[in-house]
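We call the chains A, B, C and D, going by the order they appear; numbering starts again at 1 in every chain.
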Amino acid sequence: MVEQAGVNYGGAINAALRRCLAEDERTIFFGEDVGKPGGVFGVSKGLHAEFGNRVFDTPISETAMIGAGVGAAMMGMRPVVEIMWLDFAMVAFDQIVNQAANVRYVSNGKLSAPLTIRTQQGYLPGSCAQHAQNLEAFLLHVPGIRVCMPTTPQEAYDSMMSAHYCDDPVVVIENRGLYAGPKTEINIGAEPSEIGGSVLRREGSDITIVSWGPIISEVLAAGDQMPSRGIDAEIIEAVWLNPFDWNGLIRSVKKTRRLLVVHEANVTGGFGGEILARVVEWDIQVSHMRRLGLPDVVVPASPVLMNELRPSAESIVAAAVEAIWCRS
Amino acid sequence: MVEQAGVNYGGAINAALRRCLAEDERTIFFGEDVGKPGGVFGVSKGLHAEFGNRVFDTPISETAMIGAGVGAAMMGMRPVVEIMWLDFAMVAFDQIVNQAANVRYVSNGKLSAPLTIRTQQGYLPGSCAQHAQNLEAFLLHVPGIRVCMPTTPQEAYDSMMSAHYCDDPVVVIENRGLYAGPKTEINIGAEPSEIGGSVLRREGSDITIVSWGPIISEVLAAGDQMPSRGIDAEIIEAVWLNPFDWNGLIRSVKKTRRLLVVHEANVTGGFGGEILARVVEWDIQVSHMRRLGLPDVVVPASPVLMNELRPSAESIVAAAVEAIWCRS
Amino acid sequence: MGNDKRVEHLRDMIEIRLFENAVFDLRVSGEYVGSTHLYNGQEAIAVGACAALGEGDAVFSTYRGHGWAMARGVPALSLFAELLNRTGGICEGRGGSAYFTAPDHGFFGENSIVGAGAPIAVGAALAAKYDDSDRVTLTAFGDGAMNQGAVTEAMNFAATFDLPVIFVCENNSYSELTPIRDMVREQDLTRRPEALGIPAQKIDGNDVVAVEAAISGAVAEIRSKSGPVFFEMMTQRLQGHYVGDPEHYRPKGEIESYKDIEPIARLRRELNSNGITDAELEQITAEASKTIDRALSQAKMLPGLEQTAVRDVREHVYG
Amino acid sequence: MGNDKRVEHLRDMIEIRLFENAVFDLRVSGEYVGSTHLYNGQEAIAVGACAALGEGDAVFSTYRGHGWAMARGVPALSLFAELLNRTGGICEGRGGSAYFTAPDHGFFGENSIVGAGAPIAVGAALAAKYDDSDRVTLTAFGDGAMNQGAVTEAMNFAATFDLPVIFVCENNSYSELTPIRDMVREQDLTRRPEALGIPAQKIDGNDVVAVEAAISGAVAEIRSKSGPVFFEMMTQRLQGHYVGDPEHYRPKGEIESYKDIEPIARLRRELNSNGITDAELEQITAEASKTIDRALSQAKMLPGLEQTAVRDVREHVYG
């Protein structure tokens, strides 16, 4: 039964969590301040009141939280654990890398850990170094962990639902700058789809730009500016990074023969390198490939400094112009 | 004053630690079982007896250990902290990613953290999943952390010395399979060199193979087998991964026009992708580039299974043959 | 507790001991490779504890967990097979010595990261609040693990939410190669859980009867909805931390000093004085020995992993 | 303690309060952006503690550390400048509200990862064993941080090696938006360090005199080579966890109930009854107000980061 709801990004996640809790008894949801206070970003508002002790606040113990998620999932629950910032998961990274990721493989499939870790990341103006990193590349180097980064209300709703019904650990990386965004009508109630998939955000023929996370809005803005420079960009949002929609990417690159990857993470060791490497290894003939991301620097707190570093519509347009005019 | 010493890999590290402790009062060295027992792998044998409480055993508290290293370094010491397996650093990853890495940048250079973390990693036959990962790519995505992976006694000695005198945090990744290797004559006592640098392990003209870690021995064996297949490989060992010797790599690739990266880490998100991406971005004309690594799988304990997965001289030769004959 | 039950415990402990001895030989002779941590000397803890648990209860141990797996009823055959790269191994070769896992037997596995099993066990206990079971979860870890933050976090989490979990600290006096007494200032480890509001008790971990009694009591309390309980079980290991450990750090004569207090010797003596004859005791050992020998020879006859598991080596993986 | 010293403490506390009020206004009006955690209500702890420390001692705080920076003597000007994206900011804009760092003042910085500062402080204390200093290190963290494994590990490490460090837990009864009492079973947090062998004491953290006395005592003991000490300082915060926190979780009337016990009101009352007149007290406030106002207007006149720091934005970085 597909219904519509007018929600913003945070509201969409709230709606998805509510639905998981309502329709699936195995769901529990916990994290710091997510219960009675309804979450530092208000995302879980009302859930504790509605679902009682299935939604609860935890001590500031990320290792215990994620570990408890792994253990509960092993016993057949479908826990959703909120880690307030992905940066904070570093104190508990063992529970993701060495524990959650291994459960199914090492037990030869006798156990699984259908755990969803909801978290958010990224630099907003004024974020300090320890609250500003884009760390998806770490997770993408861990076999056994699935990762998505929704940026619209519909994507957020859908990916939370897919993550919940996935039989393996999924990290859903949200962004605090999006929670209070504009309301849009989204479909709710449809059968959750399998994890995976990308969204074609703009069709074009000259260059493929693949991106993920909130920087996609800069990419889209850049895409809109490009026609005036004679460039027609195709823009793919990789909502799911694992599994990644390689087929969609290949199709597009075969058409445009040019590729630009834009991510907010530091360039070196970021997932952009993986994408370029795969295009090379698959022998797709391209005339130009580049990455755009944060230079290899810790994020400074001052927005004045941060703005010098972060990719922007401007730098994205410039990269596209270079791809088309300087090197074709 | 350059002297010679006949040491194996473990002995070389022991010699370097002894020298740091002897010539630099700021040196302290601690970790689990490194003091009185002399280390689980015997690498620190005799150091506690010689240097007393400057070499000591710690509780099994990696977060406290690395944190203590960061704090002591901030106060002007030159601590060396041993983390028995890099896998175990996952319980304390915050202290590397969010703490050590930030000290100099965020304080605008008023503080630094000249800390050396000695650790080792990798899969040997029978290693269980949690003692088998090759995690260098995580560290290479963290601006502010330096990384090296020595594999010979001389490299181990030199990189430990360079790490010690580096003013920023360095992770020295060793390998337990190498510690008890054959003794060789190495130079000790020379002025420590700056961090960085690679070693040209074989000169050749047909294909550049860049690799790091103990898999280099498979690469070298493969290189020896290749002439019979009409291939003359150039083999670069990237002893330092950050800073990486990009110039050395470029020089070689410009000559051979073919590149193969071999690492033991999982392929997806591994540092091989970064290398291919850079070659692309620097517009170096190549006819063929590939990566070889562990497929995206948790390491199984049984050597029978593990051997199906790990790169070997055989698979390296095959990759080179493909590069030369199927696609030039 | 009557003699019958004691005899059963003795048999179980001897089987574990003989299993481990066999493992030692296999490892030393190179019939398999990989890091191996034996349970010799600590058998009373797993055997006593598992005797007090029900089928539906969940056990999480560390890498030093062969004894726990066996005490949960996992057949020695499937453990030998796991080590010897045979199909039919408990994890088809993916787990190995340090990662035995048998959920069918309520054994949710070993764990090779010190302290990491405790939070996961707490999660299993958390699940019991919602899944209408009366499952009790037990997690075992060493003295050294007490210094790993994960264990404190897990205990506090369990205390805060009154979770049905039993923490068993097997204090064998060493954290790997270093005496625990040198790595803590306060020697009484039960003070830590107490400081978190968890009732805690020191138990003679060499006394299988005492162990069973302690865990039985805890299980009864927990099933009637009380929160976590902690036991520090005092014991010793009778060999190196791992197979191959030269034990240079071990004071001379230490192992000999355990000769009479280690759990099997102790229980034999007790049964002796309860009227069980030496001949009867030898009979038990002989039977246990047969059981283990048979399991080993059966395991050796299983097909190698080459034939099956290799084909599926990438299954259950998500790159 | 005489009136003079009390008056000095009052002035310091008021300066911090007014600094934080100014910061609140700047943040709310959007003159700068970024997460900001104010110290209002907890001033007696930083002021009392820093009064007991010497120049060569080292302080590590959390993100709620503006008061600690000021109590260590870091000029308000350089803190305002840091927030307002001006050159001359204490970290030239790289640190921001949550990462003030001023080693010249023995202030080794804020830290925005809960609990992470404790192990680092322990490292600074470790260094003092070797560097011939008699440095005492003090690390402050919140009640909620007690549940972070890092803090237990740090305390145990310090206890095991008798390190010269003072752990100050500022118990303001909330971990962000959640009452600490709901997140622990045992309410007395001093039991935790005690269980690790660390002497621990609860202190009225609103009483600057009591705080100074406690820390002075600890410093004296530590300088004569005793090990770590722990204080749970009972206090309250007088506003949200961060600027912008709507504080829905806060029971009605709670803040009002603090009116008379919060440290500034308390000390004013005390001085009043010691014979200091209201007029004299107002005079102190007026002077403090002038100091802070002047610092702010000076900061606003500093050149923006655009002019200098931007050029060097990639310096000290190692990609």
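Some observations on this one:
Quick note on the criterion: a contact is a pair of C-beta atoms (placed from the backbone, for glycine too) under 8 Å apart; a residue touches a chain by one contact, two chains touch by 3 or more.
All values reported here derive from a predicted model rather than from experimental measurement.
Common neighbours of chain B and chain D under the contact rule above are A, C. In this assembly, the C-alpha centroid of chain A lies 31 Å from the C-alpha centroid of chain B.
Between chain A and chain D the centroid-to-centroid distance comes to 36 Å (mean Cα coordinates, whole Å). Distance from the chain A centre to the chain C centre is 40 Å, each centre being the mean of its Cα atoms. Among the residues of chain D, those in touch with two or more other chains are 91, 94-95, 99, 111, 113, 116, 147-150, 153, 156, 160, 182-184, 317-319.
Along chain A, residues 58-59, 61, 63, 87-88, 90-91, 94, 98, 105-106, 128-130, 143-144, 266, 268, 296-298, 300-301 each make contact with two or more other chains. In terms of inter-chain touching, the protein chains here all touch one another pairwise. Here chain D touches chain A in the complex through residues 32-35, 63, 85, 89, 91, 93-99, 111-116, 144-145, 147-150, 175-178, 182-184, 248-249, 304-306, 309-310, 313-314, 317-319, going by the rule given at the top. Interface residues of chain B, counted against chain A in their complex, comprise 63, 87-88, 90-91, 93-94, 97-98, 101-102, 105-106, 128-130, 133, 135, 137-138, 140-144, 265-266, 268-278, 280-281, 283, 289-291, 296-298, 300-301, 327. Interface residues of chain A facing chain C in the complex, by the touch rule stated above, are 25-26, 28, 53-54, 56, 58-59, 61, 63-77, 79, 94-95, 98-99, 104-111, 143-146, 168, 242-243.
Those residues of chain D that touch chain B in the complex are listed here as 58, 60, 91-92, 94-95, 99, 101-104, 108-109, 111, 113, 116, 118-131, 135, 137, 149-150, 153-154, 156-157, 160-161, 315-319.
The touching residues of chain C, counted against chain D in their complex, run 147-153, 156, 159-160, 162, 182-186, 191-192, 194-198, 227.
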